[in-house]
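Just so it is clear, A, B, C and D label the chains in written order, and each chain counts residues from 1 on its own.
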Amino acid sequence: MTDTEPEADDSIDSSEPDYTSTELMVTTAARELRDDESVLVGVGVPNLACNLAKRTHAPNLRMIYESGTIDSNPSSLPLSIGDPVLATGAVGVVPMFEGFSKYLQGGRIDVGFLGGAQIDRYGNINSTVIGDYEDPAVRLPGSGGACEIASNAHRTLVITPHQKRRFPEEVDFVTSPGYVDGREGREELGLRGGPEAIITDLAVMRFDEDGELYAETLHPGVSRDEVQNATGWTLAFADDVETTPTPDTEDLRLLREELDPDGVYLE
Amino acid sequence: MHTAIDQAVSDGDSVYLAGFTHLIPFAAGHEIVRQGYTDLHLIRATPDLIYDQLIAAGVASRVTFSWAGNPGVGSLRAFRRAVEDGVPNAIEIDEYTHFGLTARLAAGARGLPFMPVRTFAGSDLPEQNENIRRVESPFGDDEIYAVPPLCPNVAVVRAQRGDVSGNAHVWGIPGEIPEVALAAETVILSVEEIVDEQVIRSDPNRTLVPGSAVDYVVEEPYGSHPSYAQGCYDRDNQAYLEWNEISESQASIEEWLDEWVYGVTDRREYLEKLDSERLLDLKPSTEYATPIDMGGY
Amino acid sequence: MHTAIDQAVSDGDSVYLAGFTHLIPFAAGHEIVRQGYTDLHLIRATPDLIYDQLIAAGVASRVTFSWAGNPGVGSLRAFRRAVEDGVPNAIEIDEYTHFGLTARLAAGARGLPFMPVRTFAGSDLPEQNENIRRVESPFGDDEIYAVPPLCPNVAVVRAQRGDVSGNAHVWGIPGEIPEVALAAETVILSVEEIVDEQVIRSDPNRTLVPGSAVDYVVEEPYGSHPSYAQGCYDRDNQAYLEWNEISESQASIEEWLDEWVYGVTDRREYLEKLDSERLLDLKPSTEYATPIDMGGY
Amino acid sequence: MTDTEPEADDSIDSSEPDYTSTELMVTTAARELRDDESVLVGVGVPNLACNLAKRTHAPNLRMIYESGTIDSNPSSLPLSIGDPVLATGAVGVVPMFEGFSKYLQGGRIDVGFLGGAQIDRYGNINSTVIGDYEDPAVRLPGSGGACEIASNAHRTLVITPHQKRRFPEEVDFVTSPGYVDGREGREELGLRGGPEAIITDLAVMRFDEDGELYAETLHPGVSRDEVQNATGWTLAFADDVETTPTPDTEDLRLLREELDPDGVYLE
């Protein structure tokens, strides 16, 4: 540490990974974003991923929030999607109805982030209730803007822990449509876009030509069995399942020193 | 605020306290609790802490919403207790998405029988809500839904500054304020500062609430604490984190209400109870917008 | 502006020069005349002098509009000659009301298959225009009409100030600018002044045109003369009165076009031909808007 | 004139009226406006009428223009409905779509002013074409906002010269609906409001219970025959036709000295 000679980057090849599971999810999500895109950001991990992408390969990424802030330029981590730091220094701020109708419905959002309590094999998401709608075991927050993000963004990314209860054969309630019952099902409804990838703490999953999930890469040290056991149906795996690329040193420095110096989201 | 709430709100009314995460009318909500209404139909995209407090106080019998959580913190526990266990009383829920609910307000503000929206297709929400219906486009199109107008009996909207006639400038996140101010039957405007009419007239493009829609004007500095007012104060995040603890039981909420709502007569007393350090820490630095020249004609 | 028009406009395109009486893109219109396009579909709520000039120059084969007059002066003579007598060429017309036409833009900007509007019932307009159709509300209602989205190939919008990315502040009458900027396929933004991005970011609520929608940014002071730009210059009413004479015949318009459009290479030369006294007289006194504090967070 | 003794008001009783026909129309229209109303103003005579009302009996009249200016406070006569003088000092300015949808359609306009080339007995107005729509003898400006003002204001006022060609039995084209074919006809279409009065240079006309025009008052010195001869059908007259009240001295002073000192609209 006190050595003035720059350290070689191969420190990340040591057996003990020098990044956390959340950091891996953040850097993996960041790589899904391209320069000059408009992304509808959520707080937490998506926010870190977008800010990381903006500071690395996507300097012209426009961060747009459900609260109506356009091309936000936050000087610190927002506490919620309505944090004043997202309005100060933004390029625009629009009323909610304008944001949803002109930006989302109008097709001006390239990428949206979604989360949820349950996700099925077609990427349909439940963030409404566990159990029966009329008499729920757990009342979740509900859609918020999720249903319209899922319906109108050109593609969506989901970030979630990988647990069997979160990936059931069938979700208790469809809050936000994925590929419905396959790509054709979604197309018939006239929905734009669709889910692109699901990034968990075990793997990165994508959707095949029928709109069904398969594991594309497994995170370092994660086995097929671990992923299958955390999934509520027989999950497909890519023919050539590879290992998810790990965060590089500069990504980790940015995350730890600049983006989340207090470790609010990065354990 | 006492008089405005007293005159504007009746038992059984539908009430919308506006402001998406920003400019939330906490002071008005507390006044509603103090005046002990019953059977209110509370409407808000994001119920937030203020509706959790109102629900726990037992004033609500119905909640219309689109996302019920403690923003950036977690779950809205009193809301969940009422829905899951009927504590302190059962509440009916009427659920939308953010876009669906704001589209209802937009239809109400615009005198339209419905607003078409590209959302809900493929979701289970339309099955649970008869106000979400398919509409056929006369020009042919894929599946599209519509929602009917929503015109609450009473809306409370906040703004950084307004004149005595109720014309108000809002900056930062306007949320659903411009819609609900025109959709509601009775509107209470609560401002951080009442300013001369000439201040409003110097920048007419910034007027998001027209005085002709406003029935009561109340000056109430810090009336949105612990939420925020852009340029005036930041969100008091400590309060949002503390609520996560306080709201763990109906009993601990009641204790909190006794101290912070029933135990004070108005917002002024509420503010006096807060540590001044806390208020001072919420003050942002000054960042003026580059002025514009309207020109004298 | 030469490059922007050259790259953005093609023969046969539908073109919307935006701005309701305010911020009319005269410079862009003149450049279209100079570049000699044909078969353009011109769209504007109020064709105003600029479309009278374009029509007389023979670039248009079709005009979509809702009020064709010389505002505050009288009739739009070249437009009338084309409609009534086919001079210099016949033009098709596609006619709406102001609300109907802006609702078409609003639907276009919002990705909707139609926009419901409470107008047209009892009028003969729907008989003349198959784009004005009845729609049935899924919630039951009296007679209501709908119009389909309108997404012009090219729109030119003006603003007082914008940054190099095309984010623009507009004040005074915004007209249909916020709608058409999001509805059109290609957008040219022409501003009185290009400013640093930080000027725009200092007041995000004032941004009516987002850079993500803009394809070309042109700085063109006095680009709206003889219409006006709030805070920068007044309408040159003399020009509006003179047009009433100039437009009395196709021949006198052609003479005018030869001198003021074909006879100059760009707006700069056009302005140089104007008496400076005239420009000086259009300058309003300064009336700054009371500033707002966005707050540093 | 050099007498310092104030003149008695009875100067207006002289046989030669000391006001013009336009001035009478302006003061008559001004009396139709009540305090604290929102009025959608046009340029010219309506603008003078509104400003006169605001300076006399209706100080809280809110003048709103089709261009989206709300509660304008013009320091001079606007040259058009989009004059910058209507924005500077206004309480609000909204985009066109907001103005039409939230103010007019939303029912926030109490009174609207209309004009037109032809008006029929039910107050239906033509401002589109004389002759056939496809092959017009005269192409008029078209609706602009007139159709939606006629459909959505709580009441409308029409100011027009009284000539036979302007009051035909049937208009060539209905641009803006009045009572359609009677009050029931309008009601069936679900339209708000309806025409309240037509103020001409000869008379003030209102609508009876069937929604048909009748002359209520005749201007000083105007005969029934004159009015009938300038109307394209057999016009009904009120049982007790009275004389239109004339402008008072203060009205005339305000009009001539303050509102239109250059005589742009007042001959």
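Couple of notes before you dig in:
We take it that a contact is a pair of C-beta atoms (placed from the backbone, for glycine too) under 8 Å apart; a residue touches a chain by one contact, two chains touch by 3 or more.
Not measured: the values here are computed from a predicted model.
Two chain pairs, B-D and C-D, are compared here, and C-D has more C-beta pairs in contact (counted per touch definition above).
A straight line joining the Cα centres of chain A and chain C is 41 Å long.
Separation between the centroids of chain B and chain C, computed from CA atoms only, is 38 Å. Computed from the mean C-alpha positions, the centre of chain C lies at a distance of 29 Å from the centre of chain D. Among the residues of chain A, those in touch with two or more other chains are 69, 83-84, 87-88, 93, 101, 105, 152. The residues of chain C that reach two or more other chains are 111-112, 118, 141-142, 144, 171-172, 174, 205, 230, 234, 284, 287, 294-297, listed in rising order.
Looking at which chains touch one another, you get A-B, A-C, B-C, B-D, C-D. Residue ranges of chain B in contact with chain D, taken from their complex: 109-112, 165, 167, 182, 197, 200-201, 204-205, 207, 210-213, 294-297. Across the interface of their complex, chain C is touched by residues 43, 66-69, 78-84, 86-88, 93-97, 100-101, 104-105, 124, 128, 133, 136-139, 141-148, 151-152, 173-177, 180, 185-186, 189-191 of chain D. Listed in rising order, the residues of chain B touching chain A in the complex are 20-22, 45-46, 65-69, 71-72, 75-76, 79-80, 83-84, 95-100, 102-103, 105-106, 117-125, 128, 141-144, 171-179, 208, 228, 230, 234-235, 237, 240, 284, 287. Put simply, chain C touches chain B in their complex at residues 111-116, 118, 131, 133-142, 144, 146, 148, 160, 169-172, 174, 195, 199, 202-203, 205-206, 230-232, 234, 284-297.
Partner chain C is touched in their complex by these residues of chain A: 38, 62, 69-71, 73, 75-76, 83-85, 87-93, 101-102, 105-108, 152.
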